[in-house]
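Each of the next two complexes has chain A plus one other chain: chain B in the first, chain C in the second.
This part shows the complex of A and B:
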């Protein structure tokens, strides 16, 4: 009996294999796809970030490219894109091995980066050695200039802690000069990568701008109760509140500040504030909340990208790194259309060419994207860029922030 | 010790593999060797004493952090010695205060240890150095790291065989069977357990140290990933934690299975892994080696 079922199962498997094979020649008439691999955290602690910013944009882009007939090549022909993906389970070792696998087993034409600074740095030497251009989009690091020199084919597109802290300090200082705030700032920061980078950059910069840090506390990751901190900040005399926080704390801070009617004139929180679900969490009272990132609120391309993302993925993108991620893929496609699939040439074109993307005209400087929105603010149902204030499309910040 | 000779030859061959396997093969072998050391080192202490330790990743992470702190300024052998020293020292302090715990209390404590060290490091980085991530820039290629790990595996196995045959190994097996009896038989419980815990922790720290240049950038959440502890336990249990060859025979197939699953079913990895574990526990409760032995005995009886 067992023998019979096993034989039947094998027969079935064989049949499936044969029908799969017979599909092969039929497919071969279409142009051979360009194979693009990526590794990202589909499970583990880093999965939330990868699942919001990185993976949806890769899938959306592949869909968009294929809907338009495929990736354009210099001779005018088009080839569809095939994505090959692996899960690094939030482990750097697995990310490294997945890149090795993509390069030597799958022999992909290009490799897209994982989500997060740590993972991008883990694969950077390998990408360099294997000769793949490395669009390290979601890596926020002040060392980007050094890395771009060390790995010539790497591109760093999110700036560093100094950029964000500097722009924030300028925004606050300008408001102080206009008499809108008293120049006393209360800062809390998460005791982890993002919080530490930003607070250590912010301390000297705030001083330089003539601002007074009257409250400066770090809190452990996963803190849920901010009642005591909010009380202390209230009595510190500061009317600007800054939290270099991660999404769970960002959401908790917003809810608790609303509950106790904590209404500083500047309310700035960290990662998570530009997420599409933020307005839902504060029940539509997001007006005036500031954070890192932002998008050009007047750009039709951004509006169209948000709409398409919402249709295909099911949610709008976040307003910090999502559009940049999508733009990096457009850059790759345009570089391929100019110089073909040769990786060395594509890296050269990425470094020197200029590209038409959803975030506007992009030209990298020393392998880094420097046209960034560093401070953004919720204005209406959009999270728009307010600093650098001299950039085209910058909105004037709403200060003081309306009460919750 | 002569039984180890073919094994040394095999490790030597594995060392030649990168010459024709390429980057992927070398990376795969590297990960496999690391898993084999972790499982063997874990079983060295936890096998005979039956103290299930989930502290593997604590020592693994200590090794990596020592490298991050010293690799720029010190020669590599000094860095490795420091990693071994730090791992051993922490194991000594921790062991002195906790090896009196038994059963479930020790399991919980050892799991908490990794988190404790992670939080201490985070506190230190936040308040003293002001940066959380550290960079490891070395000139090592994957195959250089593989060679070092292969040597470490040879050392680990030799130690394991030696301990198994020594008075210490016998003492530990008695402790595993019944602590009270062991104490009455004149065995110094604390010293025996502590010695083994320290040796095992030093080996684990060295593994973390040698492997860390692969990651370039480390931060506590990357190096203190609890999965490392769990996989070491499961690999050792699959092969048989009380046998010298058991952990390796568990580590190699499981590692290949992980690799196969994540390459071919990247979206269903966790589910399939869970099923695999359930299967292992139900079908092979005492490990592969024990099952093979039983099979052989049954066959012998039949004839």
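This part shows the complex of A and C:
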């Protein structure tokens, strides 16, 4: 390093410049890639969610598109996709800065959203101002209709707390009407976004359905021990157990329930239940566990998507937002093939067009995806959708859940 | 009801104490406040997961192997990274500040390496989850193991420090770093030993905790925070203090979750912490023994 002088450095730089120049004409023959930027949490607390649902699907999609020759344009030509990504380190401020940078410095053609409701809400005004279509896939919010009105180029694809709580309440109420459960429900919820949204939506809805919440407590994020809570729930008289939880607690609850042989007739836990590693955590005893989300267990497209995801990424996708994330990218590609790279036109096409995706035929309603699986259940080695019960592909729920 | 709360609380406290004992030892003997302590716990947890998942080696066997490797790693780390700091500080209080800064940096390095190696996903596996009946309360076998281990390790260490010649040397270094050398003790060696031993304990904690707790590459800080609270509450450098305050914390959390509101467990933890510090700023067992 000592002998490395400024002159040598300049010489080297010159050399690099010349070789870049000489490479230039050769490069120009290949079609110029479509630059697609994204920001997601690659480190920090949100990285676990982004690392399961968001980033693998972006990479898988880019790979699939490029393997097929690139993005199709209306004139029939194809251009490869180039992904440019930034880590927001699980900070919403960083996500906003990265979006700004993607637009102003990298001048990307499209920007894919980060993982999580909070992050998507943080970047939504900026995406709108910069004129980029915003596919806010992993955003669960009851305010989606308002947001879609406020930011015309934003699309909301995961529903809101009321949707999920409502479908769950109906599922439990139906089981009660059939005499399968006693209508007493014990609920716990994490004192954070997901838990607060769902429990505040669930309280009135459960009451409307004639269900009784005999235990209703929240717990702080990061709780690792549920022994005391499960003891309380056991003695509450409820035979349906609902936890609006995050993954670490979802797993801890399953373990604790198995340990003390806590076998309610309905065992519903939150985020993490549809993860591909869930069966391993409960040593293959996942049968009958319920949660949000799900996939169409009979769909060949979904089966093929799961298989390809497992081959390329190394693990199968999760059964809630993964397939929807992939579908949103298929929608983007199809919109581009119809109207080209003009962002305004793409947003218009996303809002009004109908698309053929892994989750089936998709047509957004007021910029929202409404064909959602709201309650799912592990049946065999698949986490399948059971509610809304009238949707094509819906499975009948297994109630009572078999003992652990 | 009372007995089950007591038992559940003690067992939870045992797992807390288990992850804190090593940190207090590292500070007590090597004078290094190791902020990367939690990363070693996570590293051991990932190692256990790998051994169990890909090679089928039982976590019980891992409990015998990984701490030994961690001991070597700890000693090596001390020799390479901490020794220059020890030399520079020359026995002054500067070492404490320097070591906090250095291990704070180490935290990010280790976290980054683990993110690269294992990704950011939540990791968990099932092992020894079956229930064991203790006085009418069903406990997970893995948590019971953590409890037994924390009592055994803390008790054993306390006895070792108190009654063996080797322990006497360790205590001499901890108590009077300036004069210990005068009576022929090899300071550097003993400090390295103490640091290595602390790392081995962190690893033992990591192996055990991985059996019942979901972990990810960024969770090290959570363990460090919990351990810091316990270590400070028990009296920095005091092994018995770490055990007692860990158990207290577990009892407190369980009792509050049971009788008050599960939402207040975190608040209760810090109220207890604050109360202890107001009453005894040096910690429950601070200066009185062992240090």
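In the analysis below, the second predicted complex is superposed on the first by the 381 of 404 C-alpha atoms of A that agree within 3 Å, B and C clash if a C-alpha of one lies under 4 Å from a C-alpha of the other, contacts with A are read in each partner's own complex, and residues count from 1 in each chain.
Here is the rule we go by: contacts are C-beta pairs under 8 Å (C-beta built on N, C-alpha and C of every residue); 3 or more make two chains touch, one makes a residue touch a chain.
Not measured: the values here are computed from a predicted model.
Steric overlap between chain B and chain C is absent once the structures are superposed on chain A; the two fit side by side.
Of the two partner chains placed by the overlay, only chain C lies in contact with A:223; chain B stays clear of it.
In the superposition on chain A, A:96 contacts chain B only, with no contact to chain C. When the two structures are aligned on the shared chain, A:282 is found in touch with chain C, with no touch to chain B.
In the superposed model, A:191 makes contact with both chain B and chain C.
By the touch criterion defined above, A:105 reaches chain B but does not reach chain C.
In the superposition on chain A, no contact is made by A:341 with either chain B or chain C. Using the contact criterion defined above for the overlaid structures, shared-chain residue A:42 touches chain B and also reaches chain C.
By the touch criterion stated above, A:122 is placed in contact with chain B alone, chain C being left untouched. Of the two partner chains placed by superposition, only chain C is touched by A:231; chain B is not. Between chain B and chain C in the chain A overlay, the least Cα distance found is 6 Å.
With the contact threshold set out at the top, residues 42-45, 191, 218, 220 of chain A are in contact with chain B in one structure and with chain C in the other.
On chain C, the positions that touch chain A within their shared complex are 4-5, 8, 11-12, 111-112, 115, 119-126, 129-131, 138-141, 143, 212-214, 216-218, 222, 253-254, 257-258, 261-263, 265-266.
The part of chain A that touches chain B in the complex is made up of residues 42-45, 85-87, 89-94, 96-98, 100-101, 103-105, 117-118, 121-122, 124-126, 129-130, 143, 191-193, 196-197, 200, 218, 220. Within the complex formed with chain A, the chain B residues making contact are 22-25, 27-28, 31, 119, 122-123, 125-127, 130-133, 135, 211, 214-219, 221-222, 225, 227, 259, 262-263, 266-267, 269-270.
If you check the complex, the residues on chain A that touch chain C are 41-45, 47-48, 50-52, 188, 191, 217-220, 222-225, 227-229, 231-232, 247-248, 251-252, 255-256, 258-261, 272, 275, 277, 280-283.
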